[in-house]
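We just call them A, B, C and D in the order they show up, numbering each chain from 1.
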Amino acid sequence: MLEVQGIHTYYGLSHILFNVSLKVQRGQVVCLLGRNGAGKTTTLKSIMGLVPPQRGRVRLNGEDVNGVEPYRLARKGIGYVPDDRRIFADLTVGENLEIAARPVPGSEGWTKERVYELFPPLKPMDSRRGGLLSGGEQKLLAIARALMTNPQLLLLDEPTEGLAPIMVKIFEERIRRLKELGLTVLLAEQNLKFTLGLSDYGYIIDNGRIRCEGPVAELVDNEEVRRICGI
Amino acid sequence: METSFTLAGLASQLLVGLSRAMILFIVSSGLSFILGVLRVPNVAHGSLYMIGAFAAHTIAVAFEGSAAGFWLAMLCAPLVVAVISLVAERLLFCHLYEREHLMLLLFTFALMLILGDLTKMTWGADYRSIVAPPLLQGSVPVLGTAFPRYNLFLLMVGPLVAIGLWLLSTKTKFGKIARAAAVDREMVGAIGINVSWVFAFAFVLGCLLAGLGGALVSPTISITLGMDHSIIIEAFLIVTIGGLGNIWGAMVGSLIFGITQSVGVLVLPQFAIVFPYLAVVVILTLKPTGLLKSVW
Amino acid sequence: MKRQHALKASLILMAGCWIISALLLPAPAAARNIKIGIVDTYSGPPAVFGNDALNGFKMAVNEINKQGVLGNKIEFVTRDDKFKVDIGLNMAKELVLKENVDLIVGTVNSGLAMAVSDAVAKKEKIPFFTWMGKSENITGKAGHRYVFSTTENTAMAGKAAATVLAKKPIKKIWVAGDDYEYGHALDESFSRYMKQLKPDVEFIGKTWWKVGEPDLVPYFTSIQAAKPDLIHFCTGGASMANVLKTIKTTGINQKIPIYIHTAIDYAVLKPLGTEAPEGVMGTMDYLFYYPELSSNQKFVKEYQALYKAPPGFPAFHAYTTAYLIAEAFRQAGKIDREKFIDAIEGLKVDTPVGKVEMRACDHQAVYPILFGTTKISKEYGAAVATDIMTLRGAEVMPSCEEIQAARK
Amino acid sequence: MVKNILRTPSFLWTAAVLLVLLLVPFIAGRFYVYILAVIFVWGLLAMSLNLLVGHGGAYQFHHGAFYGVGAYTAGLIITKTALPAWIGLCAGPVAAAFTGLVVGAFCVRLNKLYFGMLQISLGSLIWILALRWYSLTNGDDGIHGIPMPDLLSGSVPAYYFILIVVSVCLALMYLILKSPFGATLRAVRDNPQRCQAVGINVRRHQLLGIVIATFFAGVAGVLFVVLEGSVFPDMLFWVLSLEIFIMCLLGGWFTFFGPMLGAAIMVALRTFVGSYTEYWTLILGVVLILLIFFLPDGIMGINFRTWLRNRERRRSTDVVR
């Protein structure tokens, strides 16, 4: 479904990603593991077109999407959940979801009601301003907002960062639900334990380079992975 | 010197200040909207106001000063301005949003120079004047003094514009998107919205308000070149004391501007013009980011 | 390395000298036409005066060139000062130092007129004519050999109005107007002559608003409450229309007599159409429909044929200026600035409204001042002046003694 | 040390240019001498602004106000008091710097656009004062015919005086920018938070920057009086302030001589294009827009940019290896 081939990405003049390649098959949950500053966020941003890679290629469903603007990518079915949530603070929770709504003609798709069903804590907050939500709630909202665009592929950037263990559990369970619903997910994480139960396949990134890859169960046993991930 | 410091005088002065504030509000709310959503300090806003006034005159004259012509002018002049701004946005602005504010400011200043000269080429240097329809001519007695009907009309239009803007920004999808884009334009793109067109519409809407302000003010003043210079600085100061990008801030700022000046006339006529500027200094000294919350 | 730089630097030096001298050597003087430089405002609100004056001047020059002056022609170049003093000075110096004009005319902006008079005319000994700068200081206090005025000035307006109004039963006067030099000058001269002619008048209050103030109603309210016998509005240009509009909306003219210099100017009244207030008294030094002399009618007809509008007072001033200049050069017999000045002092020329003299003692053109009252005219579809009284120039001008006293 | 400076190529270049300029009155027409003097005055003004904007990153929106204060102070002292003209000329910059201190003290508490807006407000108050205080300033007519000391009367002596003063000012500015203070100013521009964090008093540095820049603006104002013998309220109007910005933009923000070049372009445009068409502001607007699109660093910024790009490219390839 998604294929990243040897991308190089720069922030201004500094070189961040070096020859990063990865693949995500339809229906899979793939994780991108690495420490802070390893290049996870940049990889996701490069895929989303927010920081277009200067070299290399990104393909979505076989189509070359290099240099395509983010809003077009979103319409092509990529949902993006940034690590810093980026909720529209001035808008209410309901409005945050409404403006993202992009119904797919002829199919059921996500609606506000369905999203609230999936994330019940958001429902009573419908008319509260996004900026007043707690960090965990904002993360839920960010995912909910991405779902409203009816994506096929969800880019999830560190959903568990800074969350209480109990919230992490809830997230894990929700993402599993999403997978059951047929969503493809690319998950950037540094929490190995969290991703372990979820992912089908994993990549380890460090210093802007992919170090190794494989089914998650194998990765856990890999000595280098443990070192890189700091376990 | 004997002054007319009576209650009636004060009341009528306040009314006049309020009606003047309405024009200022209409113009500065457009400026504020553009500042809030696009982050562009649009110095050319004043030129669009001037073009609005000239266009209103042309339309009104085409209908030989009839009442229908007047209303049509009030309606169409802002649309003329909107078309001009749409062209400017699609041709020029949309490539520059990522630039520094200072660059944008100078860019819009360049635009102001160009629009000023183009206005002169199109309309020439003569003074012009629009006659209000009979319904709005003359004055009505308010508290023992004569209060012009046209000012009453302005007092009605101002709140209507305010309510319209409020409905637009809270009840419509476009308004919500615009508010979201004001905070985080990249993220708005990431949820599948073409920010470029949102910006274009926001810009055109803001400029439309400038044109409307120009059209509405035209029956009360003589329409001349150079109208842009004085309004733009006032609009900027209003937006600043109100809180950049906050439409209610523009309302508050306009009221402060209008009222301090008209009351200033009672207190110290020679230096009435000083009062609004002093108000700005006092407000920014006490509250450096403006009275209401700024989106910046 | 170092030597290379030194070499480069000296090369640059030489090249720089060469380029500058090649480019900038003064151009050789060509066969002589009389060259006049015009510095005036062709952008912004005052452009309406600048354009009108230019039209009048062009028309006169075309007429004069049919005969020629001293066997040659008059040619002119224009510069737009944008109503700014620094730009105007820049342009005036360019005309004098680079274009080598024989004299300078122009300037709506009276501040600029003073600056040019001092920094260019006096220093460079170049005759300078202002045809629009109405400050009485130009030929009064700050006058000198090289500055001339071919417009009426604030002193003349004030004295003319005072002469007429002093005969009326007026005791309490309120002064209101645009807070700029012209407004204050109008007030100052009218008040001065009014007090001279009628010592018991009382100026009970003054109101100044900023130039371009859009909303004058509040000021009017407070003036009306003071119940003066006369309101003297000191305004002009774009603000004049505002004042007249507000007079109409508030109906103040039905209760209190009002005098405004140039209120009877057709250029001001025409845009207002039938919405202009009636009964407002005003003064003017030129009206295209009065006096009904054949020379004036001919001038107006020709002007209208050329420019599709009747001439305003700037056109008349500029027209007169051109004839004064041409005649002075003829009298001087050659293109010589000092001879020119000697010739023009006391010179009289025919103009559409009769003979106009350039007074020798202060270099101020002597115009009659017309005093009239506004009234809507069906014929013009706008207000015009009625009950016009003509005050002879000599009556309303400050005397030569007054000028000499002021210049000390 | 001094010897080294004397031998640097940039010094030699500067000296060569200076020598040419000294010779100008002997070879060029008087008008060009005058135009050059105008360029120097405006250039000094633009460079003083650039001290704050290009090097200090401050939104100094109403720099013209200080230029006007300098000019008015000189003009008023010369015409209204019996003091010698030289005292007036010296007092101008001091008054401007003092005004800068007061205005700056209000403004430095604010950020970016708010800073600029408050300054426009305060500057407009000064403008109104000049416009309204008739008995003192002569209102909108301004003061004309300000007499100069004998040494400076005449256009050629005025030219030399302006040339010398401007050269001295530029040398001073250069030294200031090379000094630790200049480095701090640039650091504050690039990252005020970090500077705050390492213990630099950002506001105090900005304030000092404003005082220095307004002092030079005052010098420019005084030189204008020397050149034209006039002062008028337009000198304090906000449009002039934006025009100074344009000069900086035209020549180049991040270069030392850029604003001077910008002033030259502006004066040339106004004088030479202005004599062909009254629509020269339209042309200026178009030039500006083209510049913003294609050369955002100004004309002298071109070299700087390519140089920077090359340097960075070299660096980044190093990293790749």
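Note that a contact is a pair of C-beta atoms (placed from the backbone, for glycine too) under 8 Å apart; a residue touches a chain by one contact, two chains touch by 3 or more.
From a predicted model like this one, the values you see are computed outputs, not experimental measurements.
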Most widely separated chain from subunit D, with each centre as the mean of CA atoms: A
Per-chain Cα centre nearest the global Cα centre, belonging to chain: B
Pair sharing more residue contacts (C-beta pairs) when B-C is set against A-B: B-C
Inter-centroid spacing, subunit D versus subunit A (mean Cα positions, whole Å): 51
Interchain centroid distance [CA atoms averaged], subunit C/subunit D, Å: 35
Whole-Å gap between the CA centroids of subunit A and subunit B: 43
Sites on subunit B at which at least two other chains make contact: 116-117, 120, 270, 273
Interface hub residues of subunit C, defined as touching at least two other chains: 42-43, 179
Set of subunit D residues in contact with two or more other chains: 132, 281
Complex contacts: residues of subunit D adjacent to subunit C: 7, 9, 12-13, 15-17, 19-20, 23-24, 27-32, 34-35, 38, 131-132, 134, 138-142, 144-145, 224, 228-230, 232, 234-235, 267, 270-271, 274-275, 278, 280-281
Subunit C - residues contacting subunit B, complex: 42-45, 47-48, 50-51, 179, 204-210, 212, 214-215, 217-219, 221-222, 224-226, 237-239, 241-242, 245, 249-251, 267-268, 271-273, 275
Subunit B to subunit C touching residues, read off their complex: 1-4, 6, 9, 12-13, 16-17, 19-20, 23, 65, 116-117, 120, 124-129, 131, 137-139, 145-148, 150-151, 217, 220-222, 224-227, 230, 262, 265-266, 269-270, 272-273
Interface residues, subunit A side, partner subunit B - complex: 48, 50, 69-71, 74-75, 80, 82, 86, 88-91, 95-96, 98-100, 102, 145-146, 148-149
Sites on subunit B touched by subunit D in the complex: 41, 43, 92, 95-96, 99, 101-103, 105-107, 109-114, 116-118, 120-121, 229, 233, 236-237, 240, 244, 270-271, 273-274, 277-278, 280-281, 284-285, 288-290, 296
